[in-house]
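Okay, so chain A shows up in both of these, paired with chain B first and chain C after.
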Partner chain A sequence: MTRPVHPLLIALTVLVFIFLVGPLVIVVGSALSDTTYLTFPPQGLSLRWFENIFAIAAFRRTIITSLQIAFISTAIALVIGIPAAYALNRHRIQLPAWLSTLFVLPVLVPELVLGFSLLKSVATGFQVPIFPALIIGHTLLVLPYVVRVISASLANFDFAAEEAAVSLGSPPLKTFFTIVLPNVRSGVIAAFILCFITSINDVSISIFLTGPGISTLPIQILAHVEQFFDPTIASVSVLLMALTVAVMAVVERTLGLTFLAK
Partner chain B sequence: MKKFAGWTLSTPATLVVVAFLILPVAATFWTTFSTPNGPLAPYFAFFNSNLRRTVLLRTINVSLATTAISLVIGFLTAYVISRTPGWLKSILIIAAVFPLLTGVVVRSFAWLIILGRNGILNTSLISLGITDTPFQMLYTQGSVIVAMVYLFVPLMILTCVGVLESIPDDLIQASSSLGASPTATFLQVILPLATPGLIVGAVLVFTGSFTAYATPQLLGGEQVMMMGTLMYQQAMVVFDWVSASTIAAIMVVFTIAIVLVMTRVARRLNPMAV
Partner chain C sequence: MTQKLSISNISAHYGQTKVLEDLSLEVGEGELVSLLGASGCGKTTTLRLVAGFLTPTSGTITLGGKDLTRLPAHKRDIGLVFQNYALFPHMSVADNVGFGLKQRGINGPERKTRVDAMLERVGLSALADRLPGALSGGQKQRVALARALVIEPPLLMFDEPLSNLDAKLRIDMRVEIRQLQRANGTTSVYVTHDQEEAFSISDRVAIMHQGRIMQLDTPETLYQRPANAFVARFVGFENLVPMRVVERDGAKVTAEAEGGVRLTLPLENYGGHIPDAFVLACRDEGLSVTPDLAMEGIPATLGLRTYLGRAYQYQAETPAGHLVANGPLTQPLEPGMAVKLVPVPEQCTILAPE
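What follows is the complex of A and B.
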């Protein structure tokens, strides 16, 4: 299978990967610096900028808010998205083709437009408070991932197993929880983790919906960068990267990382 | 009952999308058609404003540059990856996925450290004696493009790896056993077969850049305003929601038009479909 590749192409690939990994290495390095300004390579090793994250109340608050929003909106998206993905696969004949397009709409509509529209209609028009408005926005943001990942898992599931259980007298709900769901378990785990990281990292929707008192971590980072240029943000970035590593480990064990290329 | 099972199960998700996406976005569009100055007045105002036309053209320029650079780099890198054996390939894919799953803010912030006035690039250039005074690199179109390419190259690499792996190996072997040189095989077999997939990847990058917010905000600021940052400014700083809605509508129409046209082009160019 291996054919020779032109040396120039190999050189280009090496440069591309330096370009990809280099900036992140620089972020980690400057997070460890003992200086009050951002510098690389780090001068004197110190973890004090990590302590500084938790010393700043706004970071403590927004980390908790971000985690809450990620958990709640992912849970809602799973509860409404799994039945929808199941219906799209199991009852394909009775459902119109546009229904599957409907569930990818949140990807097609620019996030900024969605965020602004939610601000205008939901948060201002219907006076929905900040926290539930953020939950609504993030649920829409992650719903397409649920539908897509669960659909991909269900595509490998043989519905004959479900029919066998039903014909032997198992009630539909029990069949779903004992036969179907265990077979797509890895899909559910992967969907959860992808939704979670997408929600944690979101800027474009949250930027319109956060407000006085309630903000998310990325929005707090943007606000902090505009005022201070110290290594605190580099440390927060390292925490977020650690989360990415955990996410990748889970995705690799469930779907395989190449799934992300599809 | 069984006849409607599919509908029943998909109803909650459908309702959420209709109530919180379709209706609010439609309301945003409606705002632009129901102004006292007539139905299309906000659009005339947009295209009559020099500043706004400049922002639109700049956004198109930056997005095109980002797409072109990402496409070339991404495709060539993916070509090498798809020809790399075993464990090294896994490592390369991991190295591409990692930035993809790392947030936009973190990845843009990295370039803030590198390109800043006292950033790593400037301090290195000064200590190497290449320049005495630091270059102004932040808040230029170039820095936005570099950071956007950084944002989208991983996506392009992964898309292209997927595309290249879907090309049957038999075709490539047939080509070389019939005497085609590696270059000829690449240009006459691999490239045409990969083109539809490349177009899909390019569309993702273009629409992503066209509607980006965090990267132009951090690296472009007020000087390099793009559609996303202009829309935010109109909505949250100026509080002109008609103007923000107009920018939103232009953004949606533009991206959906690109998606529809280019997916049709991709389908027509697919040599396997003929």
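What follows is the complex of A and C.
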């Protein structure tokens, strides 16, 4: 037996859907337009604006830079964040409560403030070159996600299993890799993906830290828009979206998207 | 392979809180000793010290003459069975059981043979490829047991291994544990807060209270001759009456309790000796209610009557205080009646005054 759905409810759902998907359709449409200006619906179909992305050296460079920064800062955040989350959960009773707050602090601070303070301290204060400064900034940006997500998976892990392994003769460090890590595998994958997406889409921190010669893709997009109004901008947005969707697809495959909503 | 465990004068702290104080315990070769006590008395802490997950602030622990006190946990070679099983969730039953062998460099066919044999012994051969998540509580505990036994450790320790199982399974499993332990002759320490479980499974039981062992003895001795008031209450001596000897007459003494209550006690019923000051400890069935006021006993006024199946239990007010006594089913008595409470020597014992 199916209950009739109220027409208003259907209307609302359709509206929400249009609001969510509409802009995406417009961007994708514009990216495929054959015109030299942004327009929707597209007039003529062509992939020339996608080719144009790679024809512009600044885009080629920043795509590489963005990927490098996303990979490196995510890797660093995992290397720092996983042991931190482990220690926070394993020794929760002995540790002061504010310690776990410390690791989520960057989420609470508005990103622009974080970016500005990084500019003041890391970039101008310590004179750190642009690329490492970006790595530091992005690592700070994504670290809280690692700690949060890994903590969530560790909450379901019984540390007695770790002690059981040790009592059976497995040294503590080895036990971490053979017993603890396999049981937070899904958390590690989720954290990786979250961090990667966050880093590759970031504007607010990068805008303070990028400088002459080195920029990230989102910043380059902003710079491009200021000068040109051709469909390149739409196609590069589609590219960024495609990258994000590809990563999400991997999550969906391995864990289901509900995992991220938790 | 079996070895003697000696715990000598260990103390343990969590931060500033003292949890164990000067605790000593010897478990002989092949012996099973239970640690029995209320929640928070330090049973798990004792196990964790022996296992090496906690370092004592003072004292030593030796196993088979070898000092373990400073040895890291993974080098102690002790089989542990945990309350919530602590199986490795991502490994099959067979891999769980084989884990300890793998750490010892035992691989290939030998590991498989030993794991299979162990699974056979605990009746889990059919489930070798399952993940722990797909097992019942009883099956999980069998895996945990197999995992600890297969490494043939010189010492086995159990921390409330049955408390997550239902009553019937608990009894079956404890018999099984005892049989496996006997067959291997493995020295064992068994933690529980269930008195029946401790008494049924152990060679000796240590009754613990606030980080100290109050008495360590065979279940029979604990049950019949507790050494102090704490243990007496623990094993069911509900009535503790402080008394003083007023007259010694060969084989008998006359003793007086508060309120001038006098009782004559034959020495032979109380181990041949009664000190001048003592505490008479009686179970509820150790005080028999009689309406015959001519009998020698503690004068009492009856209170609430409850039905126990084998007898009636009465609350009673006496000059020596509130007591609990039993009366025969053939003769129910009403609240308010004046009666005498007569000690039944087999259900009473004598303790040193506190």
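Brief remarks follow.
As a working rule, the second predicted complex is superposed on the first by the 250 of 262 C-alpha atoms of A that agree within 3 Å, B and C clash if a C-alpha of one lies under 4 Å from a C-alpha of the other, contacts with A are read in each partner's own complex, and residues count from 1 in each chain.
One rule holds in what follows: contacts are C-beta pairs under 8 Å (C-beta built on N, C-alpha and C of every residue); 3 or more make two chains touch, one makes a residue touch a chain.
Just so it is clear, the model here is predicted, and its values are computed rather than measured.
In the superposition on chain A, A:Thr35 makes contact with neither chain B nor chain C. With both structures placed on the common chain, the touch criterion links A:Gln68 to neither chain B nor chain C. Looking at the shared chain after the overlay, A:Val166 reaches chain C, while chain B stays out of its contact range.
When the shared chain is aligned, chain B comes close enough to touch A:Ser237, but chain C does not.
In the superposition on chain A, the chain among chain B and chain C reaching more residues of chain A is B. In the superposition on chain A, A:Ser186 makes contact with neither chain B nor chain C. Of the two partner chains, chain B is the only one that A:Pro23 touches; chain C does not reach it.
Residue overlap on chain A between its contacts with chain B in one complex and with chain C in the other: 94. Only residues 1-6, 9-10, 12-13, 16-17, 19-21, 23-24, 26-27, 30, 37-40, 79-81, 83-84, 86-88, 90-92, 94-95, 99, 102-103, 105-106, 108-114, 116-122, 125, 136-137, 139-140, 143, 147, 197, 200-201, 203-204, 207-208, 218, 221-222, 225, 229, 233-234, 237, 240-241, 244-245, 247-248, 257-258, 260-262 of chain A touch chain B when the two sit together in their complex. Interface residues of chain B, counted against chain A in their complex, comprise 3-10, 12-14, 16-18, 20-25, 27-28, 31, 73, 76-77, 79-81, 83-85, 90, 92-107, 109-114, 116, 118-120, 123, 150, 153-154, 157-159, 161-162, 169, 176, 182, 207, 210-211, 213-214, 217-218, 228, 231-232, 235-236, 241, 244-245, 248, 251-252, 255-256, 259.
In the complex of the two chains, the chain C residues touching chain A come out as 15, 51-53, 72-80, 82, 84, 86-90, 99-100, 103-104, 144, 147-148, 151. By the touch criterion given at the top, residues 94, 158, 160-161, 163-172, 175, 179, 182-183 of chain A touch chain C in their complex.
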